[in-house]
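The two complexes that follow have chain A in common; it is paired with chain B in the first and with chain C in the second.
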Partner chain A sequence: MPVEIVKERYSSKVGTITLGATKEQGGTRTHTVTVGGDSTLPFLHFEGEVPNPPVVAIEICDRVPEWNPSLLEHYRDVVGDPAAWAQKAVEYGADLIFLRLSSADPELGDSSPEKCADTVKKVLGAVGVPLIVVGSGVDDKDNIVLPAVAEAAAGENLLMGIAEQDNYKTLTAACMVHKHNIIALSPIDINICKQLNILINEMNMPLDRIVIDPSVGALGYGIEYTYSIMERIRLGALQGDRMLAMPVICGIGYEAWRAKEANAPVSDFPGWGDQKDRSILWEAVTASGFIQAGGHIIIMRHPEAVKLVKNNIKQLMAK
Partner chain B sequence: MNRRTVRFMPDNRVVQVPEGMDLHRAAAAAGLELKSVCGGEGTCGRCAVKILEGKPEVGGGNLSPRAKKQGLVLACRTLVTDDLVVEIPADSRLADHQLADGSTGRVLAENTYDRLAEFGLSPLCRKVKVKLPEPSVTENGSDLSRLLLGLKEQGVEGDITISLDALRALPETLRQGSWDATVTLAEISCRETGPRLEIVRVEAGHSEAPPYGLAIDIGTTSNVVHLVDMSTGTVLERRGTYNRQAMYGDDVITRIIHATEEKGGLNDLRKAVVETLNGLIESALLARDLDQEEIVAAVVAGNTTMAHLFLGLWPGYIRLEPYIPAATSFPVIRAAEAGLQINPVAPVLTLPAVASYVGGDIVSGMLAIDVEEHEEVTLFIDIGTNGEMVLGNKDWMITCSCSMGPCFEGGGITFGMRAVPGAIQRLEIEPGTYEVKVTTIGGARPRGIAGTGLIDALAKLRSVGIIDRAGAFHRVPNRRWRTGAEGPEFVLVWAEDTEQGNQDIVISESDVKNLLRAKGAAYAAIRTMLQTMELPPEAISRVFIAGAFGSYLNLRDSIEIGLLPDLPPERYSFIGNSSVKGSRLALMSRVARDKAETLAHQMTNLELSEGNTFMEEFVSALFLPHTDLSLFPSVAAVPSPDANAAGAAGTAAASNEAAVGAGEAQSQAQTQVNNENEGQHS
Partner chain C sequence: MGLTGLDIYKQLPKKNCGECGPPTCLAFAMALASGKAALESCPYVSDAAKENLGAASAPPIRLVKIGTAPNEVAIGDETVIFRHDKTFFHETGVAILVGSDLDDAALDAKIAKINDLKFERVGLKYTVNLVAIKQVGGGADEYAAFVKKVADKTSLALILMTDSADAMGKAAEAVAARKPLLYGATVENLDAMLALAKKHTVPLTIHGKDLDETAALAEKASAAGVKDVILDAGQRETAKVLVALTQCRRLAIKKKFRPLGFPTIAVTSEEDPLAEIVQASVYVAKYASIVVIKTDVKEQVLPLLTLRQNVYTDPQKPIQVEAKLNAVGAATTDSPVYVTTNFSLTYYTVEGEVSASKIPAWILSVGTDGTSVLTAWAAGKFTSESIAAAVKSSGVEEKVGHRNIIIPGYVAVLSGKLGELTGWKVLVGPREAAGIPAFAKQRFSA
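Up next is the complex of A and B:
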């Protein structure tokens, strides 16, 4: 007797978003990247459509970051030169470049808006993949840097961040005028997530140009909190809540590499095994967890971890 | 007793008072409330007045040398021994208290439906005239048996007892009236044995005066007394003032703490409320020239804590989990036991409560409306320091109480104040220029903002784009927008236009956040009740809003900020002080008295702190109007001010004009506005 598979029917699906723009579309990218569009829970291919695989963005930075040497050694020749670093990242398999303009931080170089805009242009010139650009995290400074970047990269259809509940208007306006997309960050809180999307949308920003950043935690550092919030976001989207029907971005690299387990030398914890292997696994496992939870754009750092995760995505997408 | 005339200036109100009464009480009798913290002990120095004519007996008391030099005396220490003309300086006056019914400038029309006709007239006390046979050697029964026989002849059925006071006076009274007497009978209900009759008063001769009773509402903030003609149910006098318990704390919790942790605390609170009520009663009696003896019944409604404090019951466990009151049904007591200065044996009925935080005031409110008669679902809301609500129909009723904080009564808000003259109750903000037009209660110069004004402010700040849906301030290019000590703020009234004249009236970001929490709590409570019954908001066919607060409520704004469910306006009505209305019905009708007991048992109390979705609902409601916009379709349909503001802000820059559509050209202007201003906003 054949087993009948019980299928949930959902009234709606996750929106799609396309990043980057080719020459014909007014930009300079060699191709664009589309994510989202899922009409079921993550990877339940038997039940609904998962038209676009999750993608990996490799994180680069416009200054020499204080990263663990075991990570930084993979970018030894290119740190300090964002354009070269971006090329390296593409070699390592990046679907997208995630550029953090850290040097704009008044305490980390205080780069001018013009200089930051110039950096973005150089990275755009060096690679053909679409770009994600975020500020230094200092709101006042980002509010002058990001509009300049948005203008300089007009037409490139960037994904820009970070909009938060207490600081979203400047970036939203800049993204609208110069036709970019926006990352809306909420602190592991479904209500604030919705509210921020409403606030941004109320400024006339179309919903299909917003990406949700639900705030992630690394394995062992609250991964389960974000996991359940992402589950609720996905269920909301599938049940027709337009304010939750956006693709989700997860900043894995930053979180995984903050974990003690990724950095502690083997001499401190002989039972934990080699730090190099351990850190790669920590990042890869964290990333895999969030892909299972419904993450669409995964930001990562270590090339080996990226390799593992891309392989994992391939397996998950096989029907 | 000699009566003297006192004229109070500048109001030019005249009152006749017995000689020897102090001026503080005389002023109250004239309907003028003086400030007082000490309760007439002569120690607080707040009730200073000036004698313009006449010679009173002036006592001492604590008055500043400067005030003495100005010729002021303390009203509470000054006795009326002569006809007087007295001036009350503005400083000594407690702003006229707005009675919960009898106010002006309403937005919602008051629903004046009176259920007395439906319930039928069977008052707590009635008078029966009897004609008794004179006793003789053969007719030698006692005076009492003679009286009881007389009552039977008048058709009075059942067991009749007599109060000791009435009995003591009986022999002389009967003989004074040459065996004609008027008997006041109280009907005291008892679940087990049915109604029991008691003779509370016997008058010599045949009296045409009706029996008088009191309908009393003991609110946490204000107390209201209605003097009722019990032969018809007509309300003769309405009096209201602040509950003097306020000196021990503004909310029930701090008062419970005072009652249970201070030595003699419970008695302090009991005395404070009884004195407040006695002041109101005295003033009402003076106005009608009635004697205390003639007031033969009272019905009291209050929240559970107020009922406990009025009766002197230990309130300690109301505050502590699992929130257990001493009782929810209260014994009928005598006025003398309660300390009320009316006929000492008058029965005093305290309406039953549902639970610790849903009290007799709500049960009383339910008497005034007719939820239990209808198939359709009714929502009843009483918004005060606590928001209490009932949802139900003829088959079921659930009720809950949520703490809203004091902000709709003016507490916790920089310029918040109670709904008294000078409080801003409505305001308009002109888009673009941000000019503000305010309307105050009584048309006085603005002194602060009332709860209804705050709701208006929230809606208007939002609609012109000064705050966003999360309540965050966004800088607008106007001098009314500024950064104060507590962060961003918006000036509603410039100092020179205020009553005080020394400070701008502002609303700050933290005020807005406080209001968001209060309105969020109210809406979350409504939603939690609806969800418990698995009903959508549209299922509510009628909404009754009770309380002084409701009288000025702007319905549209209340929906716009998400305080009240998004229902068509015709489903809403305002019922004024439903608590005192219900008390009157209980005073006037046996059906209502019995119904109060039944209703209290029928209502299921939903404890919001236990095992339901309240917290989640609360967080979702901390947004204007709500995180789930589909709950507020009529609000969501209105275009966003952010989009409009961008359009009004100026012309688009030229850089990529060709590339962008009209909507985006608007937002370009927005970018410029933000770039200029948001540098200071973090």
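Up next is the complex of A and C:
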């Protein structure tokens, strides 16, 4: 019996955003990366367009991070050298580099704005993929570091973060002046998400240069809250809410690798099995969950987890 | 197609006796129309009305049970497409595949591993639910003997997987008392499989090559009186399974399309176990009632079961931990005392960070009906009074020699009053749990 399948009709779609700029476009990237544009729920190709696959950004850091040795060993030869680390990340399949300027933190080296800008330039020089750059998370310091980075990388069409409701003006202004894109972070709250996008937009930042960070949790640590917020963001975008129609970025690696399940040796929790596959899957399944909820840019750490997630995305994009 | 509440009301006895639960026949009719009540609750409904309303008033997706207590697996009976619209009710049953070509020693080892797939994390217990026994070579008698051996070694629910009606008949006979799921009926063997499902009153998987064929077979099953059906729409590629599962869910719930108003089963195709888990995670997130996987390795299965638990958490009912004093590490009378709420996520986040600080400590979780620090504070559930009461009732006064208590930075405002009520010195901790290791190191390291 022929079944009449249910196709939802949506009035709108997720906006697209293109990151990076080639020489012709005023930058130095070998290619650009475009995300978003979905006119349906994740991977429902029968009822809408999914023009761009989700992409994986591999996280690198401008200092030696306190990561689990089983993770850090994959970057053993390159930690401490962000340019070499970025190249390694591209070898591991990174569509984008996510550079965290941790060393700007007054407690973790207090790197100067000039030094941070120089690091960004070096990474740009080392790889051809577009770049995401975020500060150390210390607002006062980031507000002097990020404008310097924005200026030094003018023309590169970076994605920069992190703007929050109580600290967005400096970064927004810097991204406006130097033509970068901005990450708007809200605390698992769809109203604050909209509100922040409105505030940033009111400074004349175009909506198609904003990326939503809905605050993700790790598998087992509240993933379901963000999962549902992201489903609602996607439905809002499809129903024509312009303030929710931005691509979504998910900081998976950071969260997954904070979970006890990713780090505890089997000797601590014999019932959980060996740590190696457990940690890789903790990151990959966290990512998979958020890809199903509508994530566009997935920030990850472990090369094996990256491989699994890219394979999953490839399968999901098959029509 | 679904009837409206008024359509249904016309056929009810209109006694307004309230014996069905809702106070009036009209209220009952409305509940029936939205799939929230069953017609059987009405003791006075006429046979004619039963006939007319039976199909229309059934829930959009039938509840199907496999196996026997205490390991009975109940699946289906879902009412929404998105968990934020209400909740997902019956979590995905996870089945581990076993091929019937294993020799006795290999089978023993395999079943021991499967039986051991029991996990405890954040105070919750997770387990796999079923063993899927697939016929690989051998005749009907051999398969039945193998199935019997598996049944003797595990109390998990069973799925019998074979296309051969002969083998299925003998295997089902051998373990009928366990109420296994028969997998399954295809175009070729439909009549024989239907007969077996009826004979043993066990659920049956309908396995078409696509959605159309699956719906056609399911309709025949219903016509033949087999009610406990599980659907396999025949796809194995990730994106196509996602679409099939989504369509079954949408057609059942949005269109009340009866032939597909049943739970679903998805079978992984990836050979690499890690890739398989990621593939299965798509099916757990998107509507599979059962997912069949091959891997039986603890560290691979735990992430999948954790995702399942997360997706099936009721958004309206936060998971709580018991409100009490807990030791982290080898806590002593000198160890610091942290206070937090009894929202599971909050508690385990704090516990994780306290544990990461490597300084043994006590955590006092205060009963806040499972709300987080700020929510509980705003609702008047995490107050100086409630914390002071918890200090008294928890026995912390006997457990530690000092009188210092650390409260979350977000509720620093409570410190004065709490100090007065308890006589303890109140230390204001970091706002976010992530700040605990640095806080602890600075304050308490020797």
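In the analysis below, the second predicted complex is superposed on the first by the 318 of 319 C-alpha atoms of A that agree within 3 Å, B and C clash if a C-alpha of one lies under 4 Å from a C-alpha of the other, contacts with A are read in each partner's own complex, and residues count from 1 in each chain.
In this section, a contact is a pair of C-beta atoms (placed from the backbone, for glycine too) under 8 Å apart; a residue touches a chain by one contact, two chains touch by 3 or more.
Keep in mind that this is a model prediction, so the values were computed, not measured.
Peer 1: I'd like to know which partner A:16 touches here: chain B for first, chain C for second, both or neither.
Peer 2: neither
Peer 1: Just checking: does A:112 make contact with chain B only, chain C only, both, or neither of them? Give me first, second, both or neither.
Peer 2: neither
Peer 1: Looking at A:32, would you say it contacts chain B, chain C, both, or neither? Reply first, second, both or neither.
Peer 2: A:32 contacts neither chain B nor chain C.
Peer 1: Name the contact category of A:203: first (chain B only), second (chain C only), both, or neither.
Peer 2: first
Peer 1: If you count the residues of chain A that each partner touches, which comes out higher, chain B or chain C?
Peer 2: C
Peer 1: Quick check on the superposed pair: does A:68 touch chain B, chain C, both, or neither? Answer first, second, both or neither.
Peer 2: Touch partners of A:68: none, neither chain B nor chain C.
Peer 1: Where on chain B does chain A make contact in their complex?
Peer 2: Interface residues on chain B, with respect to chain A: 468-470, 472, 474, 619-620, 622-623, 627-629, 640, 642-643, 646, 655-656, 659-660, 663-664, 666-668, 670-671, 674-675, 678-679, 681-682.
Peer 1: Would you tell me which residues of chain A are touching chain C in their complex?
Peer 2: 1-3, 5-6, 43-46, 217, 219-224, 227-228, 231-232, 235, 258-261, 266, 271-278, 280-282, 284-285, 288-289, 292-293, 304, 308-309, 311-312, 315-319
Peer 1: Spell out the residues on chain C that touch chain A in their complex, using ranges where they run on.
Peer 2: Contacts found on chain C: 82-84, 118-122, 211-212, 215-216, 219, 237-239, 242-243, 246-247, 250-251, 254-255, 257, 259-260, 273-275, 277-279, 281-282, 285-286, 297-300, 302-304, 306-307, 309-311, 313, 315, 345, 348-349, 352, 355, 434.
Peer 1: Write out the stretch or stretches of chain A touching chain B in their complex.
Peer 2: 26, 139-140, 143-144, 147, 151, 154-155, 165-167, 169-170, 173-174, 176-179, 189, 191, 194-195, 198-199, 202-204, 243
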